[in-house]
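Here chain A shows up in two complexes: once beside chain B, once beside chain C.
Moving on to the complex of A and B:
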């Protein structure tokens, strides 16, 4: 028996795709992904209409989806993150139906709870056998972890694996099992691995960023959480990576043995694992090729599913045991709510990803961002979009001061500890005032009443909406 | 001060502003900015104040602003004007 078919078109016809169905994709090839575009092109040529695309993320490389929306092939988009190119079109009123944003934990959990149904999942697999066992660890297009794709494979009615490295059955060290897979297609290239590396995955050399990182590391040290058993997640921003470096220095100097590092994994987290700072890495996606190599070669660098990482449908998730998470923000408001969905002009250029999941789980949720970016103050009266509720945020670190969130009856001890460590503790209102003294007060952005996106919280409830830009 | 020749100052880096000054019979100001919606009026007022202080009555000033704060805009406009007026 073999599940191999000759083309994407043949697979689409064999799975019985119909107008109005929902198809899904995962984003481990990130901005190097070819599969979403290839599948939509095949589907468009076959004349299908009115499909909903549920992709864990939509990157700039997926810009052709705008054309498929205009032609009526795609009428719904659901994702956890959306790059600026498609985001701008959405905010200019591209679609009738609002985009649905979920979180990295909410997306798989909604599938598992049955509130988000996938008719056909297309899985970009860097290596697969002809029965559909597949993995991201090997092959010319290796992307490492395939964490987000598990829920799609396990919950979709039909599953198509698309690979550019077909190997004899049975594939050794598979991630996703053949039991979920209906068809396998071999193509020339599923993507360009160079596109996996996001533009921000380097330690900053900007003095403002280094100052923020220095404060952030000192906050972690002063919090009392940096001890044996420490668990930690960082994003891939320049200043957060610099913070990770400083945290590593402290851990090595004091001989602290942490338990796990998590998240999108970069070479800096791999370095911390190899230097004995962590017992293990829990990896839901690789942010660079060093991480891809590590997950392939080091058994302590483990692939986890998105549900295991951040879901709410499992009996527990790894975010629940996080000590510290470092997160970015485009805006923070006076209630400590955070916007990572839209830019200061109201255009979509991001999404929650795991932002609100980790914020909800971690003991210490830290936002790290400059006081002012290109004349725009970080702290605003009210965020244009609330991506992460203020009640789940503990500290905002800028180069001019650190605000501790005591608004929800917590963190009083932390505030005292930071003051005792001689860190520049200020109120969130002070950060807003300081920025406006330097930059001026920005005029509020004008938005229309047309809702272009719904932002769903990890538990499936509506957190906020995004309106079209005037 | 008179705008005798065209001159530039500044860069297109984030938080800077690129200012170009050219001779023109009237006074014209052209603003392009990443924070146009939030700060266009303030940017124009700042440029006008610098020009008035330097006694510039005619010339074309075009700015491509990448989110510069007022003191940066002032410095870049002043430098461009002085270069255009023949000051070294």
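Moving on to the complex of A and C:
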């Protein structure tokens, strides 16, 4: 018995794809992914129309999807993150149907609850056997964790594994089991692993970033959470990574043994694991090749599914026990609501990812961002898009001051602690004023009435909408 | 956040157990399990009635369940295997409701298909954290694989993990994720690991057994399946293990590199893995402590879920690619049907386990059994219970001859190959006659009309019934 077929086209035909269906993809190859484009090209050549693409993230490398939308092959896009190239086209009114944005926890949970149905999932697998057992840990295109792909595999009606490293059955140390897989396709290359490292994954050298990082680390220290059992998530981004470095320094100096690090994993988190700052890393995706190597070699560096990471459909998720999360923002408003979907001009260039999931779970949710970016103030009256509700945000750290969110009847003690630690505590309104003193009051962004995206919260409710830019 | 509660009773109350519900257990602690008895005792003390117990296996250690049946606490039993102590009571008419027997593949698949609903699953976990991440690989009561427990965890409405080795969250190298777990209970001892080694797990020294093993190994060799890529399942039992040893000798002598070994794993299969006879072991349960050590230390020794092992609800299962399986029997009939549920006197003392699952999947299904046991012939006109349909059985090996099943339009080539290899090929009727010449024709077993058990095939259909003994 073998599930191997000769081509993506053959797999598409064998799974019985029909016009109007929803197909899904995961994004562990990040901006190096070839699979989404290859599949859409095959589908377009076969003449299918009116498909919805549910991709855990859409990167700039997926720009060809714009052509498939124009040709009617794709009429719906659902994702947790969308890069600026496709995002701009969406905001210029590319599609009839609004894009559906979910979170990294909401996406698998919507599948598990049945509110998001996938007809056919396409799994980019760096290593697989001909029965469909597969993993991201090995192979020339190794991406490490395949955490986001589990929900697709487990819930889609049909599942196609696409690999560029076919090994004899049974694959040892598989992540996704053959029980979920219908067909396997071997291709030359599923992606360019160099593209896994997309965005900034190096510590900043910019003095502004280092200042923010210094403040952020001191906030964490002053919060009282930095003690044995400490759990921490940080993503990529220069200032964020610098904060991780400072936090590590404090932990090592004080001999603090944390419990787990989480998130998109970078070499800085791997270093913290190896230095004993954590007993484990919970990895839903690798952000660089050091992380890929670590998850392959270190049993304490564990792959977790997106549901385990951040879902709401399970009995619990790792985010529920998170002490501190460090997150970015393009805008923060006076209610502490955060925008990570659009830039300050209203164009989509991001998405929640795990932003609102971790914010909801963590004891201390910190936003770290420069006061002014691209000559526009970080803090605004009201975000162009609320990606993460203000009620789940605790602190906003900028290079000019730290705002503690006491607007929802909490964090008063934290505010006092930060003041006591001589940190520059200000009000969120102060941050807005300071920014405007430097950059001026920005002109209101001109939007049309056309809704181009629905932003769904992790529980499946509508959080906000995004409108086309004029 | 923590899911830890103080006692089994507290967990039972918190999950909202109600009279009439179905509770489930897995059997990796085998005859050393304490958990089923502890939970039933707690439930009895709390005054619950009319519960159905779905245990992947019921061993002699679970004899106290008889008292709970008599007291009305338990009114239904469902399992894949039942030891002789409880089995005898059942066959003497203990229960109103027939026992439901499933297979190791059918049980999880019935849960996944929704035809078997579990209200509360109790998971005996040799190591767990307070959020419910758990594993069988570590701890004083380590049992190795927890393959059968995944379906319970994933499909039950409520899940209680019971452990005697509570470790800080997050447990590294967990098997079952916290996303499935509602409550965690710490107890002194979940079982006696010495009891994991139940039944015969040593190579026989009996000349009859060695003769059978010699024949069986030669059948495998003559079948043409023993070549690179060979996959093999064997359970415990002295002659079976001797066969494995002989097969290993052939593989090593000829330099054959097999693909995988499977089944309840013993030290003999571990030895074959370590000697390079297999690239992997797929382990749904460990049959001895050498296997427990191996699955903990060797990444090529992989835990698989029961669905992955033998289910019918997945897209495939490991049994589908199995070359050869070696199975036991208490009776074989002239249609090659096999009984592993009752002894020749009609008393339940076993069950399918993975018998009919592997028989259905394997290219070559071999029954190995002595011609006469307890003075009764192996081969009978019609089995007292058909556990495995004759259409899925290929060869019956006894010390006096080997019968090849050509009754279903197959195996003619195999029969010729065995003859060519000078093996003592006989007809199944010959085996019956030879046995009766020695042991006489057995008196028919006297059964009543009362059905005490339904034997369900792996696809959920009724295969046979078992009646009370007069």
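General observations
The working rule: the second predicted complex is superposed on the first by the 470 of 470 C-alpha atoms of A that agree within 3 Å, B and C clash if a C-alpha of one lies under 4 Å from a C-alpha of the other, contacts with A are read in each partner's own complex, and residues count from 1 in each chain.
Operating definition for what follows: a contact is a pair of C-beta atoms (placed from the backbone, for glycine too) under 8 Å apart; a residue touches a chain by one contact, two chains touch by 3 or more.
Computed from a predicted model, the values in this text were never measured in an experiment.
Once chain A of one complex is fitted onto chain A of the other, the partner contacts of A:3 are limited to chain C, with no touch recorded for chain B. Between chain B and chain C, it is C that contacts the larger number of residues in chain A. Of the two partner chains placed around the shared chain by superposition, chain B is the only one that A:443 touches, whereas chain C remains out of contact. When the shared chain is aligned, no partner comes close enough to touch A:312: not chain B, not chain C.
When the two complexes are overlaid on their common chain A, residue A:212 makes contact with neither chain B nor chain C.
When the two complexes are superposed on chain A, none of the residues of chain A touches both chain B and chain C. Across the complex, chain A is touched by residues 14-15, 34-35, 37-39, 41-42, 66-70 of chain B.
Those residues of chain C that touch chain A in the shared complex are 1, 3, 131-132, 159, 168-170, 172-174, 177-182, 229, 259-260, 279-280, 282, 299-300, 302, 304-305, 307-308, 311, 313-318, 320-321. Residue ranges of chain A in contact with chain B, taken from their complex: 344-345, 372-376, 438-440, 442-443, 445-446.
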